[in-house]
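Okay, got some structures for you below.
You will see two complexes here that share subunit A, one where it goes with subunit B and one where it goes with subunit C.
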Partner chain A sequence: MKNWFKNIDSNLIRLLIITMIVFIIMAALVPSKFLTLRNIESMSFQFPELGLLSIAIMITMLTGGIDLSVVGIANLSGIFMALIFTKVIPEGTSGFPMFLYLIMGIIVGVSTGAFAGYLNGLLIAKVGITPILATLGTMQLFTGIAVVITKGFAISGFPEAFLIIGNSKILFVSFPLFIFILTTAGISVLLSKTSLGINLYLIGTNEKAAVFSGIRKARVLIKSYMLSGILGGITGVIMIARTNSAKADYGSSYVLQAILVSVLGGVNPAGGFGKVIGVVIAVLALQFLSSGFSMLRFSNFAKEFIWGAFLLFIMVLNFIQNRKAAKNIVKKEDLK
Partner chain B sequence: MKISASKNMLKRFRHEFIILAIIVVLSITIGSINSQFYSVGNIYSLLKSTVIMGLFALGSFLVLVSGDIDISFTAIGVFCMYVTSKLVLLVMPGAGIVLIMLIAGLMGVLLGFINAVFISLLKMPGLIVTLGTGSMIRGFLLTFIGVRIINKLPDSMIAFSKITLLHKAQENGHIVGLSIGFVVFIAFAILIYLALKYTVTGRAVYALGGDRVATARVGFNITKVQFFIYGTVGFLSGLAGVTHSSFMRNGNPFDLVGTELSVIAAVVLGGTSITGGKGTVFGAVLGVFLLVLINNSLIMVGIPSYWQRAVVGIIILLSTGSVALQERRSRGV
Partner chain C sequence: MEEELIVVENIEKSFPGVRALSDVSISLKKAEIRCLAGENGSGKSTLIKVISGIYKPEKGLITIEGEQYKSLHPIEAIRHGVQVIYQDLSLFPNLTVAENLALNSYLGNNKKLLKWKDVKKIASSALSKINVEIDLNGIVGSLTVADKQLVAISRALLNNAKIVIMDEPTTALTQKEVDSLFKIILNLKEMGISTLFVSHKLREVIEISEEITILRNGRKVAEGSIDQFDEPKIVYHMTGREVGTERYKYVPRGDKLPVLTVQHYSSDTHFEDVNFDIHSGEIIGITGLLGSGRTELALSLFGIHQHDSGKVLVEGKEVSTNTINDAVNSGIAYVPEDRLSEGLFLQQSIARNTYVSILDRLQNKLGFVDFPKADITVETWIDNLSIATPSKENPVSSLSGGNQQRVVLARWLATDAKILILNGPTVGVDIGSKEDIHNKLRELARSGLAILIISDDIPEIVQNCNRIFVMHKGQIVERLEGSRTHENEIVAILKKLK
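Coming up: the complex of A and B.
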């Protein structure tokens, strides 16, 4: 057991070093563009969305589940907020009333996420549907509801004050990055310091033992999917504030990307292992690769290729190292 | 404990029966709203719609039974389709469809073997490997081979889409036939069923999903079994790719990728356990039928197109939910 955690940590350190190497290589290749304040800033506006979605998926992976609906949740939350901003707020509102309306919109968005996650949790924990099927179904359902509301069109034109969330900076730190840091710190504490977090890891490590030791599995599972939904809702806030529009099927390729980021960050899709910091490093690594190769004028498709290669490279490295480590401790029977 | 044979059957195929019942109930409902549903033309077109997802699902089924997961098969399919079409157009535009399918299939086998190398020799989880290889294969295709839609496919591919069997005249005088693609799909389903039931490697696929360590101790060559699995997935994907472009009458390198999760959902819906060791070909085929029925028949019931996704979601949840509840009850939980 201890050995496993040790492995996870050394994997994280390796990922961190490789991420730094990627950063240095990119900086060396295109120093005039990559190392500019402008690039750092623009990166800090880009990755928080994918980062939050990846952490949402990570939380569900800790129990051996998955949440394919998280992008659907983000879009649905975005659309409910967009409705409030465009239909509810009377024209000419400003100052404090405007502030209250914005808060109301954000609360509606995030609670949409929580409710959607609650529904996922119910379907998985109470009805007993496999997570991949349940969330594939709700992904269709949430996106479907969003399509019904918008008839497929984008809603745009939000109050200036709201757009601040997606487009402004607080002391050199972009607002989305600020939200990202706060949220990940919160989730990190939640996972490592609270009983909910520890129960999540236990269910993913050994479900039966966890149940027999008195953990109320259904409740923990429901909470984990709610948490994932809330993160989806927060992502929705950032998404519509950054693009000034809400659309039913925005960012559908985010789902697989977020899974890629989580496994790259050392999350075990079968449950039990994974840390927030790993996912954060992984999303940074992909952002550096992605920005760097953009500056080298690579197409998006080439980036897809490079992301895949990067994932395999890191994973092969981890597996070889871990096997070496395992062999040193116990001479295991070779299963060939 | 003696249970009568029929009861035993019912128990063994409980899941399949539930799915079948759902298909029947849905069909009756749709048919009672729009009698056009029962027309030969519609049934033939529904069956044709199952072919691509079905071929992919057979491969996915094998992987899931062996206790792993593969999401690169759509990328393999589109890669084989596009590269084969280009190659054939360049070198021998007159090639027959069987040869074209063989080329695409073998290309798929090679790509599947790449997955097998990582999964089997390096013992890495399939999801991680195929996330990587899938995006590499598609990225490679779109970066180095082409992004342009091939509008003029080899003649034999176009001809293939027009081959039909069991011709029937419809009320309006049109003669409709069942696409040969469906026959290909069912033939491969039977082939895989037989391979799983009667060959040692086939039995080993189930064993591997049940208990990997025990499978190795009994003396199965796991490496061989996994190369068989991922090679077959590749072959079927190549076939699905070519059939897809033949049906669409063009070769679009942006097609197919993005459907992999629905394919896996169809297989799991059909009763294949996502943790391995359990599942039947029949169930997987039924799962595909159910999803295709849901996806393609809403228009017949008069549901406006922008309602489709929501209704598809609800029906998926209702079907999977009723199966899950049934199984809970049967286990007495």
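Coming up: the complex of A and C.
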């Protein structure tokens, strides 16, 4: 009997094919707009945010948990960075000192993410609160802190040099896409080649057995939520650099989308199974869909509807396929 | 000749791709106690389901109380008094004893309103039939397994049972509870009720049954009066091969220091002043009633439970057993009681299940797992323990129980453990596979490992351990020499304990 991995792979291949079909249909419907370099470029600026958030959620989902606070983390990180860029940097700074300030800001942003993730990890692994409740709580907490700091207003007007991160290209690759590729490659290696990564999958498969095998569960869980927080922080950097503003409630619909993208990409919400590449393909599929539909002049409301329908479609397809596979397995076992 | 209550003849039953029963016949006389024996997958449960009308056989004839059927419908089976008590008992854990007992007769009579007086009356008369007293208002979920079983039996009797089929009824019972269950079965016999007893615990089978039918691979391989059978003979028919009954002989290896020394080891709640040592090559067995503190002792040695005082020495050096990692680092390994929930990552690969406990050691300088090295380790242990699998990448769930247990064993042997603690190492494992595991343990002991087996399976302990401890209320109350102890001595000791 061939296993889950094979199953995931066949789901992945199907998702890849569907993604290509979506691409081809969109290209055929509005070739003058969809197939342009400009569109491809503009897409490459848009999807890395949702992509990184989805990967963050995926990591926690692999352990059998979830991180609902990741968008809250991204916004809080963004606001701390925004404060540094607007309040701390003296007028007229440029050149190398400016570079140092920017680095400092980014470090503050990413470490905010790490610290917020650490807090999630403590609540879940040490206090023992269910992940969905713990991160629902911290989501409110982080957003709340952000609202208090900004009084609900957007902070904007960042140094030109910082906006490069959100708006420029390196060769033909957009800067956000560049960050996305580096980060996902790193996470992918971490998950498949390090003991932390493998332990994550094993905890997600059977927590009790993990403890009995000598895996330091609390430590691994805290690290996984920190990782998710760090990805939130990186997303924060891209978000404020792209929009040139930091807001407490930016992108709040991202949370549910990121969960769906993870599941769509083949991550088992119960934990233990899922691959980075699946999530990447899933987020691309959604980007093609939404770009295509905005070119077809669908309203934003219709877009939401179509996303939802698409996600359901894929999941029903996977479900039916896996059920068939399970039946075949039973038959094969009987034959033995 | 007594009248045959039920005769099942030449049953054939296939599932897609597999023949579960071929040409199997079995019969039960009135008031007969018959045992149906066989290994997992031998067709026992299929046969029960044919008799109770859940499965329809392709061929064969069922004659029950003189009426002939090609296949039974569950309702017909119940009407003829066939009652099956499954292992999970099928009770409603959230309802009271009285409700559980009376519910069926109420539903059967199509009454819409409940009279609580009647409910109590039905329930108490049901319990009095088998002379047991259980609080009628008690919630079933909070009863002991034995009491739940009694409720299930009483419920079966309420439905005018003539044939009671018990599927592995003694699995979760203590020795005493088994005895009282047997009294009830004899009681049923006096009432003229036949019992079909399904079990793989051979000592019990021989104690209670009058007749025995043995299945292997869907065929009936032996049948007859129980007097004609003894344990080795039953095992031979069940497995199709001779299983050794030779005992483990410990040859001292001349080491000065014991591998494990436990001194005045105590936990406020579970065990008190436990002292023992294990030398290299020894296999020590600990047995005792449920709640004797033996599992807690093992869990504390492995760092899962806390102990409050006392010392543990490994090869003469004091070690900490405060965390699992302390224990693992000092060479203590623990194969847990419940393989499925505590031992295995079922859907993950055999490889991952094997190297999980040595992942940290497999890291190279850059912090990456050295997979070629991991693969070599895994393959070595698959070979060494002869785990039957086409690929180490297959999920553990694709393996049989015995092979799964070997994967857990492989995991700990890969850590270079010096002390191996096994809790119920062969629970739910077929006899053949069980013998293989025992042989492996002996081989490991001979190669220098110190082994501690915690088990309810007294033949297992007597056969494999050179020293046997009986634990009771958190203390070691008896220390026996394995080579000089007979199973019955231990059974007698256990019966005396309260």
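One rule holds for everything that comes next: the second predicted complex is superposed on the first by the 328 of 336 C-alpha atoms of A that agree within 3 Å, B and C clash if a C-alpha of one lies under 4 Å from a C-alpha of the other, contacts with A are read in each partner's own complex, and residues count from 1 in each chain.
The rule is short, and it goes like this: contacts are C-beta pairs under 8 Å (C-beta built on N, C-alpha and C of every residue); 3 or more make two chains touch, one makes a residue touch a chain.
As the structure is a prediction and not an experimental result, all values here were calculated from the model.
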### Task
Record, for the superposition on subunit A, whether partners subunit B and subunit C clash or fit.
fit
### Message
Going by the contact rule set out at the top, does A:Thr36 touch subunit B (first), subunit C (second), both, or neither?
### Response
neither
### Message
Applying the document's definition of touch, where does A:Ser94 land relative to subunit B and subunit C: first, second, both, or neither?
### Response
neither
### Task
Could you tell me if A:Ala302 is touching subunit B, subunit C, both of them or neither one (first, second, both, neither)?
first
### Query
A:Ser168 contacts which: subunit B (first), subunit C (second), both, neither?
neither
### Query
Touching A:Lys208, do we find subunit B (first), subunit C (second), both, or neither?
second
### Query
Counting only touches as set out at the top, which of subunit B and subunit C does A:Gly137 meet: first, second, both, neither?
first
### Summary
Here the angle between the directions from the C-alpha centre of subunit A to those of subunit B and subunit C, rounded in steps of 10 degrees, is 70
### Task
Going by the touch definition up top, name the partner, subunit B or subunit C, that contacts more of subunit A.
B
### Message
Applying the document's definition of touch, where does A:Phe273 land relative to subunit B and subunit C: first, second, both, or neither?
### Response
second
#### Entry: Smallest separation in angstrom, by C-alpha atoms, between subunit B and subunit C in the superposition
6
### Query
Taking the contacts subunit A makes with subunit B in one complex and with subunit C in the other, which residues are shared?
335-336
### subunit B - residues contacting subunit A, complex
71, 118, 122-125, 127-129, 131-143, 147, 212-213, 216, 221-223, 258, 261-262, 264-265, 268-269, 274, 306-314, 316-317, 320-321, 324-325, 327-328
### Message
List the residues on subunit C that touch subunit A in their complex, please.
### Response
15-18, 304, 324-325, 328, 334, 336, 341-349, 352, 356-357, 359-360, 362-363, 367-369, 371, 393-395, 398, 411
### Message
Can you tell me which positions in subunit A touch subunit B when the two form their complex?
### Response
68, 123, 127-130, 132-134, 136-145, 147-148, 151-152, 252-253, 255-256, 259-260, 263, 269-270, 299, 301-309, 311-312, 315-316, 319-320, 323, 335-336
### Query
Any idea which subunit A residues touch subunit C in the complex?
1, 3-5, 189, 193-195, 198-199, 201-202, 205-206, 208-216, 272-273, 331-332, 334-336
